[in-house]
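To keep things simple, chains are lettered A, B, C and D as they appear, and every chain counts its residues starting from 1.
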């Protein structure tokens, strides 16, 4: 199956793109996807913690099972509003 | 009203939208661009969002406010893109018959924006830039 | 800025006055005329002050805010005279580098106006009127 | 001595004037003035509680000694701002 990976903020800058397509074995979970991302982009997630994952714009756990054409977003720490 | 937009925000219009003759008070929070962070001079800011999802989460925040404080006259507007110093990045306006609820609800919403609403801020300094919350200060030479 | 005036208040100008590039947030409270009290329909309001003294006490409140929260970008404006429904009777605007202080200081000032700042409000109903806080509801026939 | 009595809100309406001159014996305190007010206007302060007193725009206690030409304000419960 193939999912669309969306990245934001420093992840987008590091990747040099805001989204990329990723092929995964059938039955892959979010945790499997993260391992695949780390193999393909070893430095992408370095030091980014906590990292949340959203599938089709809903936050999910690592055990969440992915489906073909899912939109998977890597969500680094947010900082909306003002101040730090 | 939930708004995530690249256009400049109009705090007065947003506040006017929540005001009503049934409410004795309106609490408004304006977030503006600060000119320094930890002593370093900020030149400009840049906001980025996972659009669609950010709005969805903000709708959920509004729902929480309704349930917790019985407040349903609430507006949240967040600006995206590059902002100059002093420009308004955030407007949260809450009207309520009782002022304590309006203050509590407004403060809650501003705090929630630091939790899981997918909006990010980059501070641009004279000699570097940093994505707030996710990176330690970074100079151009150390960019990955 | 402390202002006690019979002229209409301009919330946007008052908020703009406290904003600064050193402050990340401004909390503004607008007090507006409610259309009912305990189920009775309010027709209009009237505010009266011991002018001079009211301003003096509000200056002291501003000083308390400076000492307690380190906040010195504060505006308090209160309108006097007859107000129609929905008109703004009070504007309190507080800017601070940190939002928690701005919320706390703004809420404190609004609460202080219920304590010893010599300003009084009369609610005018269709069938009577009452000075809030000092009288139980009064109909024309029972006026002393 | 003579002091100027200022009244507000329902006190002003009851008195039918916003201020009035009051002659008092030398050495009178704020408490003495209140007694004089009650003798002269028996119904003026009825039910108005708490009543604060300001002399020359400063709140004072009952024992405060008055001087000629003082401005004495009778301050009924305040209700600035909004709500109740």
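As a working rule, a contact is a pair of C-beta atoms (placed from the backbone, for glycine too) under 8 Å apart; a residue touches a chain by one contact, two chains touch by 3 or more.
Please read all numbers here as calculations on a predicted model, not as lab measurements.
Shared contacts of chain B and chain C, meaning chains that touch the two of them, come down to A, D. Two chain pairs are in question, B-D and A-B; the one with more C-beta pairs in contact is A-B. For the pair chain B and chain D, the distance between C-alpha centroids works out to 49 Å. As a whole-number value, the distance joining the C-alpha centres of chain A and chain D reads 72 Å.
Averaging C-alpha coordinates per chain places the centre of chain C 24 Å away from that of chain D.
The residues of chain C that reach two or more other chains are 24-25, 31-32, 34, 97, 99, 110, listed in rising order. Residue positions 82-83 of chain A each touch two or more of the other chains.
Judged by the touch criterion defined above, the protein chains form a pattern that is neither an open path, a ring nor a star, and not fully connected either. Of all possible chain pairs, those that touch are A-B, A-C, B-C, B-D, C-D.
Across the complex, chain D is touched by residues 31-32, 34, 37, 47-50, 52-54, 56, 78, 89-90, 110, 113-122, 131-135, 143-144 of chain C. Across the complex, chain A meets chain C through its residues 82-83. Of all residues in chain D, only 6, 8-10, 12-14, 43, 46-48, 52, 54, 57, 59, 73, 75-84 touch chain C in the complex they form. If you check the complex, the residues on chain B that touch chain D are 24-25, 97-99. Every residue of chain C that touches chain B in the complex is listed here, in rising order: 11-12, 15, 19-36, 85-86, 97, 99-100, 102-103, 106-107, 110.
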